[in-house]
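In order of appearance the chains are A, B, C, D and E, and numbering begins at 1 in each one.
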Amino acid sequence: GQSPAPEKKNLKLGCMPWSEPMLQWIKEGLTPLGYNVEVIMFDANQLPAVALKDGSIDGIIQNHKPWIITFNKENKANLEMVEPYYFYSFFAIYSAKYKKLEEIPQNATFTIPGDPTNLSRSLIILKEAGLITLKEKTGPFYTLLDIKDNPKKIKLVEAEITQTARSIQDVDAIIATAYFMAETAKADPKVFLFEDPQNKDFPLGLVVRHEDVNSAWAKESMKILRSEKNRARFNELYKGKYTLID
Amino acid sequence: MITARNIVKSFGSTHVLRGLDLAIGKGSIYGLAGRSGAGKSTLLRCINGLEGYDSGSLIVDGTDVKTLGGRAMMAFRKNIGMIFQQFSLLERLSVYDNVALPLKCWKYSSRTIDTKVRELLEIVGIPEKIKQRPRELSGGQKQRVAIARALTMDPRILLCDEATSALDPNTSQAIMSLLKEINSSMGITIVVVTHQMSVIRGLCKEMAILENGRIAASGLVENIFREQPRALKNLMGEEFGGTSPTVEKTVTLLLPDTVTGYFISRMAEELGIDVTIRGSDPGAPGFGVTVPEDACRGVEGYLSTHKVRWRSLAGKKQRSPYGDGYKEQIHAVNADMV
Amino acid sequence: MITARNIVKSFGSTHVLRGLDLAIGKGSIYGLAGRSGAGKSTLLRCINGLEGYDSGSLIVDGTDVKTLGGRAMMAFRKNIGMIFQQFSLLERLSVYDNVALPLKCWKYSSRTIDTKVRELLEIVGIPEKIKQRPRELSGGQKQRVAIARALTMDPRILLCDEATSALDPNTSQAIMSLLKEINSSMGITIVVVTHQMSVIRGLCKEMAILENGRIAASGLVENIFREQPRALKNLMGEEFGGTSPTVEKTVTLLLPDTVTGYFISRMAEELGIDVTIRGSDPGAPGFGVTVPEDACRGVEGYLSTHKVRWRSLAGKKQRSPYGDGYKEQIHAVNADMV
Amino acid sequence: MISNGYMAYWWRYFEGIIVPSIWATLRMLSLSMVLSFILGFILAYFLILYGPQGLRPNSTRYKLLDFIVNSIRSFPVIILIVAISPITRMIVGTSIGEKAAIFPLTLAATPFMARIIENSLKEVDKQLIEAARSFGASDFQIITKVMVKESVPMIVAGATLSTITFLSATTLAGAVGAGGIGAVALNYGYQSFNNTVLYTSVLLLFIMVLVIQWAGDWLYKKIL
Amino acid sequence: MISNGYMAYWWRYFEGIIVPSIWATLRMLSLSMVLSFILGFILAYFLILYGPQGLRPNSTRYKLLDFIVNSIRSFPVIILIVAISPITRMIVGTSIGEKAAIFPLTLAATPFMARIIENSLKEVDKQLIEAARSFGASDFQIITKVMVKESVPMIVAGATLSTITFLSATTLAGAVGAGGIGAVALNYGYQSFNNTVLYTSVLLLFIMVLVIQWAGDWLYKKIL
């Protein structure tokens, strides 16, 4: 029932290094329409979401939907991902040593992303792969404390997400996104031990404040992103490291 | 001007002052002597409150030093100049700025500062070093900067800790004249700590000798040197393990060149004899004085009681340079009373 | 042992040494005097290679200092002890460790070090300060630590820059005796820079006076003091604007107590007269000596040429303390040759 | 040989990304360094005044100051930057961008500077302090006219060290979207697998370090 | 009142996450500090030896050393940690975990330590160096037995400063999976919206800072 926010012409959009091109496309598309778009790059953390909530910026492409929901709950925020969602990132278990999941030995070492959302997701992947079992979640994310059984006594090393892929030679297996596999390990992201079944449950896209969800610029942005031209650009740029949602 | 009563001061187990009493009158130039480590510097530092003392009372310029603090202490110290034994100059400042520092702290105008600093550097004889840093100065030059700095504030009391120890006699004399002059023209009280008796005798009217943390002797300089109290003897020459000399007869004393006329006059006075210094080559080493043959024993005794280190030349007959045939000589060395 | 030829040394525009020649023989105790800032310390620092010089040649202990470097320089310096004017002690080390440092650097056994250090501290008279830090010492105590440190390596040459300036006469004498002893027993060469003529006269056989970057006078100490070259006069007393004294007749000289017997003997010698010191109270201030009436003019002239500052009491008849009726007196002050 | 195409590619990043980030870095660094130097100096002043060996020892006050300095220092810069963003927002009005970075950077650098300056001042010879006392200098004058003067070279060397340390800390300011050459190196370079940008940025950082060090050394020598 | 449930919750994190991270931090910090102190000392030794005011000035060698120190310092620690991982792997055999963090931390801390030590040594009175020369001490002895001895308090204060600075830098080591209390504060605390963990970790960091500072001050006073 709210009336849409008054039309804004000056927009600030936040991104991460990997999502920056998408925002550039939005900028490119919105500028002729009389918008003034500024793209701000952040390191990985929740600050862009906070800034968005506080109104310091107007949109981000950085966090996936489940994270945004958690963030809203923890911070009494009302951020929303503009529909239709844009893409998802492909998570999988990779290994340089083993070809099959069953070959993973006792006391194997895994490098997994250390930031809470990806750690949580990684733990679910491990559960789905049948390597561990998990207890009830106590906080917003699963943590190492939530592991119930670990029959193979797998040792989990939490690292920065780009480092997980880099460490593939040093450990038995890793959990990483296809994007980082391709970029840092220079490996084929399609060769994996186990694909995250929840991949599609972690959609990404333009996140804005609730009142902007229906604003002209948000709608327009999604239209720009989903244009044929940009979809082609997307596939060309990310080469299957991210997958577009139809 | 300065009255100390029963001052006690220790550094841990080192008891430096052990109940020291001292009274220094306004406008006097007061000498303080004492063995190295006797506590002279410590006493000076107590006087301007740089060091606290354990007990006793110290009234300086009408105020009890212990009661002072903060602003009052600063104002008090403004009137007390101090020349430190180790100079204590700021290494990063030029000579000019070192001397100007007290004036700057008391917010004098830069005109006044400039005039004053240049004048003082002129007086202490290093106007050409005005832009140098202390590390580019010789020892004596540093000392003169320290002297100039202590004089900038026209203090009512000036505490000099070995203020001329690094200066040649000539410059030292000039500084002494300067001190005398400011003492007489401006009536400032000057306390002089020194090891050079010539400074005390040339500069001070009164003096005190520190020993074992107390004043062992004090009074007019001339009286101290006339009466030669134990303390003065302790300070001047070492105890000598008095094996009595065995000399048959003495006629000529060969004294070291440094012995003072005063010493000879004291001896002449005490023994009631005339001591003659002859107008012919006294020969090396030292110089010769002639005393009557019959006063020989007396001289011998006098020398030994006065801790003059000497050795007998008995048996070694030697031609007297004064033409009185062969005489035996007392060879007195280190009768250095200056 | 030390031969300097035409040494030139400047700091920027300050020309310190301007062609200095000096020869110091092996085993001698050599005195170096000169006005403050004359370049004495600089010369010493050149001798052990701490300072370079601009031109000239300096042969020390058979080697040209300039050719030395690295290990050779270290070995060279090992044999040259130096007592610095500003002591240069390590603040963070105890007295013991300060003195032990050279020995440690030359890797002596800790037994040897311990024995040596304790012995030296005993000799310089501060065995009780062994554990103290320099900042807990008095000026003179620091100086003695510096002396002890310079002696640890049993050097062949010892350079003393004002080594007794902070010491009382008694301690100073003890240090001088010590230096004399090690000089005679071990034959080491000692160069003594000092402003205290009593030290030069009590310690050295030869001396030199630095002036304007050159040696203005050098030779046997006794000769220098006898001949009183200009350089000595420049060093000792200020130029006195010679208004000639007008005195009718003189009989008694009242001399300041500090005047040396040597001065009187010089005068007696030069004028060919006897000067008598009488055995009765010479009265204050100073002490009286009697000279023949007919030598009156001579004395007057002698005093004025020797820059003795004096004032005439002519006209003020005064009873002579020696009972010869009323006499006029020359009141000579500052005839301080010590 | 470097191809024209590569040069154009490089120039695009250089002009569009790197050059602005240089200015951002310089602005952030200079402002936060100036502010933290001033604040650090004030803190050091009181640390020296009230310290156990200080001019006017006051254990309570010293411990309080020491506590403050230690507390701030115990926050890793990265945590400080993100964790105080609500406070940053209250104070500078925004939680992102250059302005928002300057506040936490200043906050992080202040206790560092304070310690550096305190350590330098502590080294001043006690005898000089006494000399100043002897002519009636106030505590303020003793610190500013004696201790600071004597330790200026050390302080300069320390400030140089701090500036270089915090030049690298501005990288972390990328967390609040403040840009800066370090963030470019990290985000556009390393994280984006763009070695051209990475090396160019690191080279620029190196040049900045050289310039800071050179300026510091020059000042040091001048003052010595 | 704190409920039992909350205590249990807290204890779970404390025991499972925080305690191990404390050990990880202490291991990383102590090892990298000891190594970087030694290496930094060696660098400082040569910087002082060859420096323009040094014992045996040698412009070429000094400039080379200075260049090395500046180059490393110009890498922001976070970039150093992630960017040199190929080298890390070559040297310590893995690019991940505590061992992999110690190398870049040491590398980053070494030039910092070198500068801190160099700055302290530079302050030693020239007259003491001359005194040591006068009895034939070698350059090595002058530096180790005179300059170091005289500046030990400054060096201790500097090492304390470095240790605290790099305690906060260990946070960044979380990037290579080294764990550590800082990374816990960031990931399990701040990023996970878990204030309990955040505050507990920061408190622990604060306690570590206090202990380091206290130990440093104690040593300083003892030596002074």
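Keep this in mind: a residue touches a chain if its C-beta (ideal position, glycine included) is under 8 Å from a C-beta of that chain, and two chains touch if they have at least 3 such contacts.
Remember, predicted model here, so these are calculated numbers, not experimental data.
A.B. asks: Tell me, which chains sit next to both subunit A and subunit E?
C.D. replies: Chains touching both subunit A and subunit E: D.
A.B. asks: If we look at subunit B and subunit C, which chains touch each of them?
C.D. replies: The common neighbours do not exist; no chain touches both.
A.B. asks: Suppose you hop from subunit A to any chain it touches, then on again the same way; how many hops at least until you reach subunit D?
C.D. replies: Contact-graph shortest path, subunit A to subunit D, evaluates to 1.
A.B. asks: Rounded to the nearest whole Å, what is the centre-to-centre distance of subunit C and subunit D, using the mean of the C-alpha atoms as each centre?
C.D. replies: Here subunit C and subunit D have centroids separated by 55 Å.
A.B. asks: Can you give the whole-Å distance between the Cα centres of subunit D and subunit E?
C.D. replies: Taking the average C-alpha coordinate of subunit D and of subunit E, the gap between them is 17 Å.
A.B. asks: Any idea how many Å lie between the Cα centroids of subunit A and subunit C?
C.D. replies: 87
A.B. asks: Where does subunit A touch two or more other chains at once, residue-wise?
C.D. replies: 45-46, 162
A.B. asks: Using the touch definition from the top, which residues of subunit D touch two or more other chains?
C.D. replies: Expected reply: 82, 153, 172, 186, 190, 224.
A.B. asks: Send over the residues of subunit C in touch with two or more other chains.
C.D. replies: 86
A.B. asks: Could you list each pair of chains that touch, in label order?
C.D. replies: The set of touching chain pairs is A-D, A-E, B-C, B-D, C-E, D-E.
A.B. asks: Within the complex, which stretch of subunit D touches subunit E?
C.D. replies: Going through subunit D, the ones touching subunit E are 52-53, 66, 70-71, 73-79, 82-83, 112, 115-116, 119, 122-123, 153-154, 157-158, 161, 164-165, 167-172, 182, 185-186, 190, 198, 202, 205-206, 208-210, 213, 221, 224.
A.B. asks: Can you tell me which positions in subunit A touch subunit E when the two form their complex?
C.D. replies: 45-46, 70-71, 74-75, 111, 114-117, 119, 138-141, 143-145, 157-160, 162-163, 166-167, 169-171
A.B. asks: Within their complex, state which residues of subunit C touch subunit E.
C.D. replies: Within the complex, subunit C contacts subunit E at residues 45, 48, 50, 73-78, 80-82, 84, 86, 88-93, 101-102, 104-106, 149-150, 152-153.
A.B. asks: Considering the complex alone, what residue numbers of subunit D touch subunit A?
C.D. replies: 82, 85, 89, 94-97, 172, 174-177, 179, 183, 186-188, 190-193
A.B. asks: Residues of subunit B touching subunit C in their complex?
C.D. replies: For subunit B paired with subunit C, touching residues are 11, 33-38, 40-42, 85-86, 126, 136-141, 143-144, 161-162, 165-174, 195-198, 201-202, 222, 225-226, 234-238, 255-266, 268-282, 284-285, 287-289, 334, 336, 338.
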